[in-house]
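Given below, in the form of structure tokens, are the structures.
Here come two complexes built around chain A, the first alongside chain B, the second alongside chain C.
And now, the complex of A and B:
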């Protein structure tokens, strides 16, 4: 979801310039997914305690399946739009809308959650920004950040793609250094095993941890968002994606194992009751869960002194880029959905002077502000805190945002797996330079197709995470489905008003679309292969029809 | 930056990186199994080690591809 431009001048550029290289493609994805561990680590430690690494492992396996699915689809259909486009193409208009609407929820949460966490990281250097100590200051600063990002996107200020690449490069080096020094000087496998045994959570805690762990892996949309701007996407995307998937998985597993099995360099502060607390507990409490990576880094031997100074700043920059990608991504998806007549044309309206999708940007930043208010209210107003405690198990702040983020991601990824299976069956003629492993070949409607077993595994995994989210998150189970239901009602009203089919899809010429996509991507060999496959399929169909009585 | 990414020195740096990843992965696997034996508790550590080795393989293949071209 990370953007190469703060504000895309929609009208000026009828097609996006293909300037993203393999490293650029990696950096684009990394600056988005890589920021997630900065938010997810503390939340998961707070929920899953001694089983945090198991929670990350479960979510990580699902994430690998999701990553492979996105890689295959983005290489086969290199257009901006991501999951929404794949579902739209594979399952039709209404499911395309639902998937896009779930992605939009994620993008709006992305804006708030990362802006919130960005300020949390800065609060480690500027204590007045602390959410726990000064909730009003924190609220006002996050609100200002969101307003500032919206304004920059409406004005259309460009952010250099090179800036993304440099920040991503610095962050990879920094995170590797933290882990290297941590594992070398402070990691104790005996302590890890001990922590896992004495602090193993309840089943509820483990499910809660798994559902929060998935937020450390959200952002694979960026792989497909980048596809339309990547040179030779069919070759480049699989290469950069596999590296990205492994890197993110390693960071998530390494941080969680380190947090559970590291001896801190300095003594930790005692808890409210005056007891000594282990590192994982300190990282997962409300004071530190928003900036857990910075706190962990500061307790790494030798390197910690330096890390305490720069990790909050580097983390805050990465999180700000990710927050901006939410603003950019939501407006772009809404623009694309509006073009496909899934949303009103209002969302395609551009600012007369700046020529950016100002309505979309303002609308989804507005939704983000509403989410911010809901997340902050319990800390700003004691009576509301009592209401939350009564109805929502006391969930508040960053956990509220994490709930909805997990819900939106799990919902949209579920549809992507089904779309992948549908496209394998119904669009077997589109060449796939990369395929998910472990496929079962068989004949479907006269065509040889391959059924993806990993997609089924991934679907079961993400569906179980969706179920965990609904079971364990009191707010997510109400607000998430409400968002989807309201969206579907709005979609039906809009389609009926426009005289378009409500539950069925409009006719689409996908063959022409695919040829245009491959031609625009410069994948001329694949285009020839596609044309050959299509003509073979037509010949076969004609032969069958001729043979029929 | 892009010129640096395409240079042979960068490819060599990535190869060294791959070797470090592989060594680190093997060490993490060994130490985790030594501490927890072959139990479920060891699983996250072993997967981490294997993922590091996997990343090393990806890096090595990228180096080999750069060398060929």
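And now, the complex of A and C:
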């Protein structure tokens, strides 16, 4: 952006071009969150059985609260960084680091989990890629996919926004069609009730299902990540976020109910013991849980014939995009955290030729590869399988990755709720074009503020999901906290080495930052409102000081 | 095996409706004051440009603005009228034969027609005789009830120091409708009259 003053040209610092439209903003989020149901459905059916729809409902309610929180914060602070930035701004440096570190865990899992699932979907057309039948082939292909994505991102090649938008559009139409035809021709409410009665899980199973169901709703970060590039972010982001929340919620609830109450068009294969198995059980077994949507779609009357051919491919493309969003999401977050001196400047280093954050990309894809090895080891090596069976209740493969994904998401979302409450109290002057509903107004330090009740509800919900994850997932209980603790130790060493405050925050000029954010986003009316609010607050403070003895 | 159950049918329709309504709502976000102002201006201009008169004369060279006017007329579905005004000296009767000027007028209007055709716009053309160009244009504009008069001007010879020319100044000052004048800047090229090789044109 350039401005001219008194004949002299004043060049301002370059900013990201605002080219993301309302559909583009939706597509950014959808290409990440939309892929989750492709992975989550089978896992939840395997864990929560006849209560899968209840598990999705519980996680869905929490997700709505999370979505509303992200919507409010992303519209008020339209800056690339998402949850990490909100926590950094609301709770200070160390919590900003912890939230960012948890998001980074999620992004690295994102890379592996979706690459894994992408191959699972393709295996429905190319059986040699099946994880159960050919674990080594599966491992090598997933490894190649991760390596390929890392290389492409280092070179600087990314899928175009238009491609994202087209794939998202096709997928919305496709999923709506699957559900429409499924409910129209194969849904039986009596079968749904019957399944819920005879296959209701234990409390442990339900908690396990709920903790896995939350992974169907992870990825709202992406809309916030693109906030700086979105046209009129304060108006568009609330719409695209709420549109995304509702779309995903409808899909998740509809799929889970359909899976429990659908009569398959063709007879299902018998299980290992030669027994007839219900659809939900077939979708949740280890053969199919990585590609449950494609399998379900193939059993939808009439439409299933067509869906069996294209859903594995469409699902695989969407999952690949989602995996890629993990690669560039992790590098973006690491870059932003490095800029805020929460991570070493190494992560800001740009490749001299390709001008991409090569170190970040290589480092976090490397973490992803380590996770892939841990997830695949039991299937690749029988002795390791025994170790996993003894220590981790045999959790491996996609369940292993799902556990860690649920832990990272629940941890980072918990901080976002606290940050939202803190920002409501400490930054009441920032205009919020969208606010979470149900607020209690009161006066805090002389300012009129609104306390968000939904944020408290959401925090309780996500904290309970975090607790469920810790209780039910041996891997999540060990590997998740270990990741966080290692990160905190590294953070402390780095901050001490740099002579920066370790537990306290560095001084930040948030007023100047907010003006710059709103100006860069083109939200000039909000910038005016912010300046008015700030000057009013200063006047009030001056009056109080003058009145004081 | 298919099972059509009324609950299933209702659920299927509800899903379709809910997804459709959500996406529709999402894709129509509230507008900002800047967008509203821009939209109002667009609407005003669209209403304003019902018919466009492009003026030519010996002194007024509007070929290039004619091309712009044709594009506007196509977009706004406006009627396009191109008129060449022949200035008849007071020493001659108004209907005196001025073969050279008339030939020149027909040639210019033919160019105007070609430009309109190239832009896929219908056009009416007219040769007007008047004692003064300005008076002829104003009379025609009133008679044809045009909403916009478009004319071009460029710096050359006698326009030095008075770039608009007297006729253009009178039209701008006295027209009842809006007037769009293309004025060439010192470094501008858009309004420069074409200086083509006659042989090349003939080919």
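FYI, the second predicted complex is superposed on the first by the 534 of 549 C-alpha atoms of A that agree within 3 Å, B and C clash if a C-alpha of one lies under 4 Å from a C-alpha of the other, contacts with A are read in each partner's own complex, and residues count from 1 in each chain.
FYI, a contact is a pair of C-beta atoms (placed from the backbone, for glycine too) under 8 Å apart; a residue touches a chain by one contact, two chains touch by 3 or more.
Just so we're clear, the structure is a prediction, and the values are computed from it rather than from any experiment.
Engineer: For the combined arrangement obtained by superposing on chain A, do chain B and chain C clash, or do they fit?
Structural biologist: They clash.
Engineer: One more residue to check, A:166. First (chain B), second (chain C), both or neither?
Structural biologist: A:166: touches chain B, not chain C.
Engineer: A:186 in the overlay: touching chain B, chain C, both, or neither? Say first, second, both or neither.
Structural biologist: Touch partner of A:186: chain C, not chain B.
Engineer: Is A:247 touching anything from chain B or chain C once the two structures are fitted on A? First, second, both or neither.
Structural biologist: both
Engineer: Touch check for A:256: first (chain B), second (chain C), both, or neither?
Structural biologist: First partner only.
Engineer: Once chain A of both complexes is superposed, is A:232 in touch with chain B (first), chain C (second), both, or neither?
Structural biologist: In the superposition, A:232 touches chain C alone.
Engineer: Who does A:54 touch here: chain B (first), chain C (second), both, or neither?
Structural biologist: Only chain B is touched by A:54; chain C is not.
Engineer: Taking the superposition as given, does A:525 touch the first partner, chain B, the second, chain C, both, or neither?
Structural biologist: In the superposition, A:525 contacts chain C only.
Engineer: Going by the contact rule set out at the top, does A:493 touch chain B (first), chain C (second), both, or neither?
Structural biologist: In the superposition, A:493 contacts neither chain B nor chain C.
Engineer: I'd like to know which partner A:196 touches here: chain B for first, chain C for second, both or neither.
Structural biologist: After superposition on chain A, A:196 lies in contact with chain B alone.
Engineer: So which bits of chain A does chain B touch that chain C touches too?
Structural biologist: 23, 180, 183, 189, 239, 242-243, 246-247, 250, 254, 257
Engineer: Would you tell me which residues of chain A are touching chain C in their complex?
Structural biologist: Of all residues in chain A, those touching chain C are 22-23, 26, 172, 176, 179-189, 232, 235-236, 238-240, 242-243, 246-247, 250, 254, 257, 263-265, 301-302, 524-525.
Engineer: Which chain B residues qualify as touching chain A in the complex?
Structural biologist: Against chain A, the touching part of chain B is residues 1-2, 5, 24, 28, 31-32, 34-36, 41-45, 47-48, 51-52, 54-55, 58-59, 62.
Engineer: Which residues of chain C touch chain A once you look at their complex with the stated criterion?
Structural biologist: 1-5, 7-9, 11-12, 15-16, 18-19, 22-23, 25-34
Engineer: So in the complex, the part of chain A that touches chain B is made up of which residues?
Structural biologist: 21, 23, 53-54, 56-57, 60, 162, 165-166, 180, 183, 189-190, 192-193, 196-197, 239, 242-243, 246-247, 249-250, 253-254, 256-257
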